[in-house]
C-alpha cells in the first residue's frame, strides 16, 4: 500500500458533516471588478439566499446597495462589509452568545467584521467599543454588560500596545480571542507590537488571530459559542 | 469624580468568581535554587493539596521525586514537568474533553505541558503524536480518534512549516488552538515560520498562542471545554 | 601569473553552449515608456521572431496589442504578460512536461508567468489552480492530472501559510519548485510566511524561489524537464 | 573660521557644572579579571570614597565582599550589584523621591539596578514588586504607596506584554520612565514585545529606556527628581 | 473576595486628581470627514473653550481656519496642527520651561507637535532647529540658549543616525526626552536607526518616545517641567 | 458527500509508488541518548540493511563506530554523519550524476550531507570545495570537472555573501540547487545574507533550500538526476 | 574645568580647513515647493556660482530648466538631478580619477548621483553600466577601461544579490566603495539583500554606504581620489 | 563564441598584479585543532617568513607562543591575534599612515585587528581609544594626534549608538572607514544599531564595513593609504 492508498482510509471518518456548513462562504471584494462582483453575489444569493461581502470600497458599497434594493441589505459601515439576504431568508439562531470589545473607536472596522460573521453563524453579539486601558474606568461598564449577558466567548480587538486582552483575561473567566489591530504608529505600529503583546500576555486564557483579522476571530469565537449552545440545547 | 474613583465601580461586578479558581497556579522551576523550589512546593501542597511544576531540569526532577515519595507524583518526561498530589487529593472532573495532536515526536514536550494543565483543570485529554502533513496518511488514525471521542476543542502543536493546524481545521469543525513549536532550523526555524503559517492559515476556525507555549494553549482549551461541559451538565 | 591571468583558463571550458540559448530573454515592462518599450520589442522581434514581455500595466497591454496586430499575440491576463511572435515563428518543442499548481485563484498571476516561460522554453504545461490545503479534497483531481500526464517537474504556488508544496511533496515523487506568493495579510503576509514555511517544509524533495517569482520557478523547472526530455530523446 | 574653530565657542557655556558630578561613575564587572576589577575599585574608593559595581557574577561578588571587609558594603542581590563606601563616606541627600514598580518578581534585578543608582544620586526610593496587570487588584496597594509618598517620578519595569506602564500612566500624573525587561518568551520575548508596547502606549506621560536598562532609567528618574528637589529646596 | 472586588480598593486612592486635567485632549484629524471633524471641534470649544487638532491635511487646515474666524486660531505649519481658542480663553501658565532642539529642519514638524502640547500644558518653550552633529559648531548657540533660559527639561528630535540626544546628554545635566524622526533613508531609515541609537545612547540621562511622536515627548516633558514649577511655586 | 469523503478519491491515484521508497529515512542524532540511538540504528539495519545517521557529536560518532565493527561503516567527518551497511548490502545505482560545489572549505559539512544522501539515493557525486568568487580563477577547474562529467544537477553551497550560485548559474545550463550556509558573521551572517542573495540571484535556473540544509538540497538534486537517469535507461 | 570647558581645546586644532570646502552643499528637492526651491537655488548661485540639486521630480526638473536658461545647466536624467552654473563658473580640477560600475542599467540613477558629486568635487569619472555577474563576460570590457585609466577608487552599484562588488574586489586592487541598490524584489528586495551581501563580502578591500546612496559613495570616493591626487600634485 | 569563451578576454587585463600580493593571507584560528593550526602556521612561515593569526582562544595563544620561541612573536591581546615572523623577516614599509579611533575601551579588540593588518600591509598606525561622544572633550586630544600625523585614512570603531564616525566625519576631511561594534545591549545591541547609525550618518565622507570587522576595515584603509603613499613616493 503506498502513501496515497493510505489516505483513502480517511474517507471512513465523518467529521463535522453538518456543522461545516455553518461556516458561511464570504466574498472578498478588494480588487474585483463591478461585473465580476455582482455576478458572484447573484449566484450566491440564488444558491444560498444570502451573500456576505467584505472589504468593499465606497463605490462598490453604493453600487451593490442600488443593485439589491429588492433584498434585505445590512451594512457594516466601519468594516465596509455587507450582508444581502432574500426577503424570505431565515438566518440560523444557535443560542450562542459572543461579546466583542475594542480598545479604541479606531478598531471598530475590525470588530464589525467579527460581529458580522458571528451573527451569520447564528450567535447573538454584544459589541462595546473604546474600552481601552489608558483609562481603566472606561472598562468597567463594558465588562459588566458582557458578564450580565453571560457570553460564551469574548473577542477583544486592540491596536497600539495591545494591553486590553491581557487586562480583560485577568478579570474574567471566559475563553478570549485577541485581535491585534494595525492602528498604531512608529516602531511596531502596523500591529506587530499588539500581536507580540497578546502572544506574550501574562494572563492565561486567551489565544490570538492575525493582525486586523476580524473574520478569523469571529469564526473561531462562533465555533466556541455554538459548541456551548449545542450542549445547552441538548437537554 | 477622578480617574481612580471611576475604577471603583468595577467592584460591583462579579465575574468568574468560582471559575477563576479553576486555573491552577504553576511553579516555573527554571533558575530556582533547590531550597527555594522545595519550599514553594511544600507551601502549595499544604495550601492546595497539589502542586504543578514546569521546566524542571534533570537534577531538579530527580531531587523532587525523592523528596515527595510520600505523595502521588506524576511525571511528564518530555515536558520535564511534574504534578505532586497529597494521596487524598481529589482532582476536578468537569467532563470537558480536549484532543492534543503533534506534527512530530519532537513536539511532545510542548504537547505534554498542554495535556498536564488541561487535566489539572478537570478535562479528559486525548494525545496523538506524529500526525504531520509530510505523510497525509499518518493523519487519518489520529483524527478518527479525536472524532470518535467527540472532543470539545483541539490543541495542535507543529514546528517547521506549521501546516498541520491549517490542514486539520480544514477537515474538522471543532475550535482549534494552534501552538507553533521551535523545532525548525535555518530561516524561520525558531518557531517564527510556524507562527506566521498558523496566523496566515487559509482555514478558518483556529487561534494561536505563542511559540512553545503548551501551557497557554492548554488553559484556553480547557476553558472552552469546561464551558461546554458546564452546559452539558446543566440539564 | 596573476589573478586575472588564471581566469583565462576558463576559456577552454564549453559549458551549455547551445542550451544557454534556450533561456529566452524577457522584457520587464514596469517603468518603461511606451516608445522605449515598443522599440525594444520591435528590435527583439526582428532578431528572434519572438518577444516575451512581463509586468505590463493595462494601458501598455492594450497599446502593444494594437501595435502588433500583424503578429500572433498571446496574452496571459492574470500575469499581465504577453508573447508576440512573427506568424512564421516556430517555437521549440522539447518534449519536457511541467505541472503548475496554485493554492488559490489569487495566485494565478504568478502561475501564468511560470507557464509562459516554461512553454517558451519548449515544454508542455499542465496548470491547475485553487488546489489549496484548507479543503484537502480540492487537491485530489489536480494531482491525478499531474500524475496521468507524468510531469517531469512540478511548480507549486501558494501564499498565506504556504502549506501546499509540503503536502504535495509528501504525496508525489517529482522534483518540486515551490513559489511563495505575497497573497497573505498581517504578520508574514507579504510572502515571508509562505517563504519560511516552504524553506522549513517537513517533506523532502522541494526547492524554493523568491516571493512571486513565477519566472524564476519556470526557468529552473523547464531546465529540469528539458534535461529529462533530452535523455528521453537520446534513444 | 573653520569648523573646529567654531566649536571653541562652546567653551563659554557653563552647563551643568556641578550637577554633572552627581551622575556617579559605575564599574561594569562583566568580563573583567579579578585583579583588574579590584584595582579599579580601589582607585575609585581612594578618589571618591565610594565605588558602584554592576553585573558581577557570583564569584566576583564573593571575592569583593571579602576584600572590602573594612568598608561599608551594600549588596543588591537580584541585580548582582554592589556599592562599597569608606566608613566615613557621606552620601548625597537631595530630597528627591522616586517610586520603582515591577510587573513581576522576575524583574527585580532590573529594578534594583535602578534603585541603586537613584539612591547614589541622592534620592529616596520606594520599591514595589509584582504589581502586574494580569491581576489588577495587585496594583492597588503599590500605587497607593507611591501616591502617599508623593514621588517625583516613577520607574516601571515590565517584561512579557509590557502593559504595566500604560496602565499606571493612565492612573497617575507623575512623569514615568518605562523599562522593558527581557523576561518573556517566544515571539517578542527578549524584550522587543515589551519595548514596542511601551513605545506604542495609549497613555501619555511616559518615556522609555532600552531593554533591561535599570541604570539608564534610574539616572534619568533621579535627574527629574533632583531638579524637583532643588526647586523645593530653593525657598 | 474575588479579583474584581479587590480592584474596588483602588477607589480610595486619589492620584493626580487635578493634574490629570492638565493633559488636554487632542483631536487626530487624519481620516476624519470635514463634517465629523467640525462637529467634534465645536463640541470641544463649547466645553473647554479650546480645541487642539493634529495631523490635518492642507484642505482640512484651510477649511477649519475659515470656519473659526471668530476665534483665536494658532497654526503650527510644519506639524500641520492647530489650536483654536475662544477669544476670552485664558491658557494655563505654570512657569515650567522646556527646550526643544532638532537635528535638522526636516524634523520641525515633529518638534512643533511637541511645542504645541507643551505650551497648552502651561509651559514656556524654547525651540532651536538644525543643531545636528554633522557640524558640531551648529550646536553651540542653541545649547547656550537652553542653558541661559534654565530649561527644566529638553526634547531633542533627530532622524538619520539619531546622534544628537547622545551628544547633548553628554554636555548638559537636564532630563532629556529623545524623539527619533523617520527622516532617514535606506537601511534603518524609517526611524528605526535613530530609535536604536537613542536607546543605545552612551550618555546617561535620557529616555525615548516612539518614532515621530512629538506629542508623546511633549506631554512627558511638560509633566516634568510642571512638577518642577509646582515645587518652585510652593514657596 | 462531506469534506472527508471527497478525500477518499485520492486513493485511486498511484503517485510515485516505487520511487517514494528511494528517499531513505535518516536518523537525526542530536539530543538522542546513546541507548535510544543505538536501538533505532539496530532496528533500521535489521529492516533495511542500512542506516543513515546525521548530526552526530564526537562521542556518538566514536561509540557507534565501535558498536558497528561487524558492518561496513562510512564516515562523513565534516558533516559528522555516518552510513552503516550490512556487509552484504547492495546500494542502488541509478546512473544519475550530481555535482556539489562549495564556496569555502568551511562549507564542507553542509556539502557532505548532500553528498551522502545523493549517493544513498543511487547517484554518483562529484565534490569540489573552495571554488569561491573572491578569486574567480579558483572556479575554473571545478566547473571543468562538472562539465566533463556531464552532471544532471548541481548543488552549490555558499555562506557569507552567497554569490557563487549566481555566478555558476550564469555560466552553465544545468539545474542548480543553491544552499546558503551560516558561515558568515555580523549583519546577515547566520545565513540570511546568503539566503537573500540566492533568492535575489540575477541569474535564472536556480532554486534554493533552507540555510545549512545539505539534506534538503541532496534529496531534490537526486530526484532530478534520477528522473533524468530513468529516461536515459528507458531505451 | 567642566565638560564644556574641555571642549574648547578643540579650537586649537586645524583640521581640514580648506578641504572641507571641497564637499559642496546639495539641495534635496523632494517635498520642496517650487518657490522655496527656486529661492534656495538662486541664493546658492549668487553665493557660490553653482548649485547642485538632487531628487527632482519631472515637473521640478522642467521648471528649473526654464528658470535657469541664462545659466549652464547639466542634467543627470536617471538620477533626476541637476547642476546649474553661472556661465563664468570655473569648476575644480583636482586630477583625481574615480571609476563607477553598475550591475544593471536599472542602477544608473544611483550611479549618476555618484558621478555628479564626484565631478563637482573635482575628479574625472569613468562610468560603465550593466557589468553584472550573471554573465561574467559583460564584466571584462568595463574592468579593462577602469584599469587603463588607472582609477584611484571604484564605486560599484548593484541591486538584487549584490555580488558585483565582491567579484570586482577579488580581481582588482583599488579601494572600492560598494552601493547596494533597491532594485530587487521579494525577500530582501528593497536593498537589504544587496547590503548584507556587500557587508559579508568574501573579498577584502571594500566598504559600503547605505542603500541607493550614490551621494554618500561619491563623496567618500572623491575624498580618496583627491587625497591621492594631492600627493601626485605635490612633486 | 559562448559565455565562457568571452570570459577568457579578461586574461589580457593586468589588474593589481603586484599590489594584490600586498593583502596578506590570514589564519582564522576559531575551531581549528592545535595540530592543524600549528601545521598551517609552519607552512606559511616557511613560504612567507610571516604568519598572521586571528581569533585565537587563550589556550591556542599560549600554545603558539611556546611553539614559536625561535621567532619574533607579536601579540595583540584585546584582539587575541598574533603575528609570527622569522627573525630575518623584513616587513613592508609603504609610507601610508592610518589613524584608528575607538569610542570605548571595549572596542579595542576590533581596533587591534585593524591595526595589525594595516601594519602588515606596510602602513604606520596611530591608535587612540575611548574617544566617545558621551563626553565630547575626550575627542579633542585624539583628533589632534590624527591631524598632526596627517593620516591618509581614519578607521573609527564604535558600538552602542555608533555616533562617533558621524561626529568625526563632520570635523575632519580624511576618508573614514566606520566599524560598528557589537558592544551594545538590548534593542539593536549586537551592532545593528551602530551599523544603522553609520549607514544613516548625516556627515558625508565615510563608508562602513560589517559588525566587528576590524580586518575588513583595516584592509580597505591600508589600500587607500598605500595608494596615497605610492603617489607621494612617485616623485
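In this document, chain identifiers A, B, C, D, E, F, G and H correspond to the written order of the chains, with residue numbering beginning at 1 in each.
By our rule, contacts are C-beta pairs under 8 Å (C-beta built on N, C-alpha and C of every residue); 3 or more make two chains touch, one makes a residue touch a chain.
Every value quoted in this text rests on a predicted model; they were computed, and no experiment measured them.
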{"item": "Co-neighbours of subunit G and subunit D - touch as defined", "value": "E, H"}
{"item": "Maximum centroid distance from subunit A, chain identifier (CA atoms)", "value": "H"}
{"item": "Subunit G against subunit C, contact positions shared by both copies (same if over half, else different)", "value": "different"}
{"item": "Whole-Å separation of chain centres (CA-atom averages), subunit D against subunit F", "value": "53"}
{"item": "Computed distance of Cα centres, subunit F from subunit B, in Å", "value": "37"}
{"item": "Subunit C and subunit F, separation of their C-alpha mean positions in angstrom", "value": "25"}
{"item": "Overlap residues in subunit A, where contacts from two or more other chains coincide", "value": "3-5, 7, 10, 13-16, 20, 135-136, 170-171, 185-187, 189, 192, 195, 199-200, 210-211"}
{"item": "Of subunit G, residues touching subunit F in the complex", "value": "103-104, 132-136, 160-163, 166-167, 169-171, 184-189, 192-203"}
{"item": "Touch list for subunit A against partner subunit C, complex", "value": "3-4, 7, 180, 182, 191-192, 195, 210-213"}
{"item": "Residues of subunit H that touch subunit D when the two form their complex", "value": "170-171, 185-187, 189"}
{"item": "Subunit H - residues contacting subunit G, complex", "value": "3-7, 9-10, 12-16, 19-20, 22-23, 135-141, 143-144, 147, 152-153, 171-177, 195, 199-200, 204-211, 213, 215-217, 219-220, 223-224, 227-229, 231-232, 234-235"}
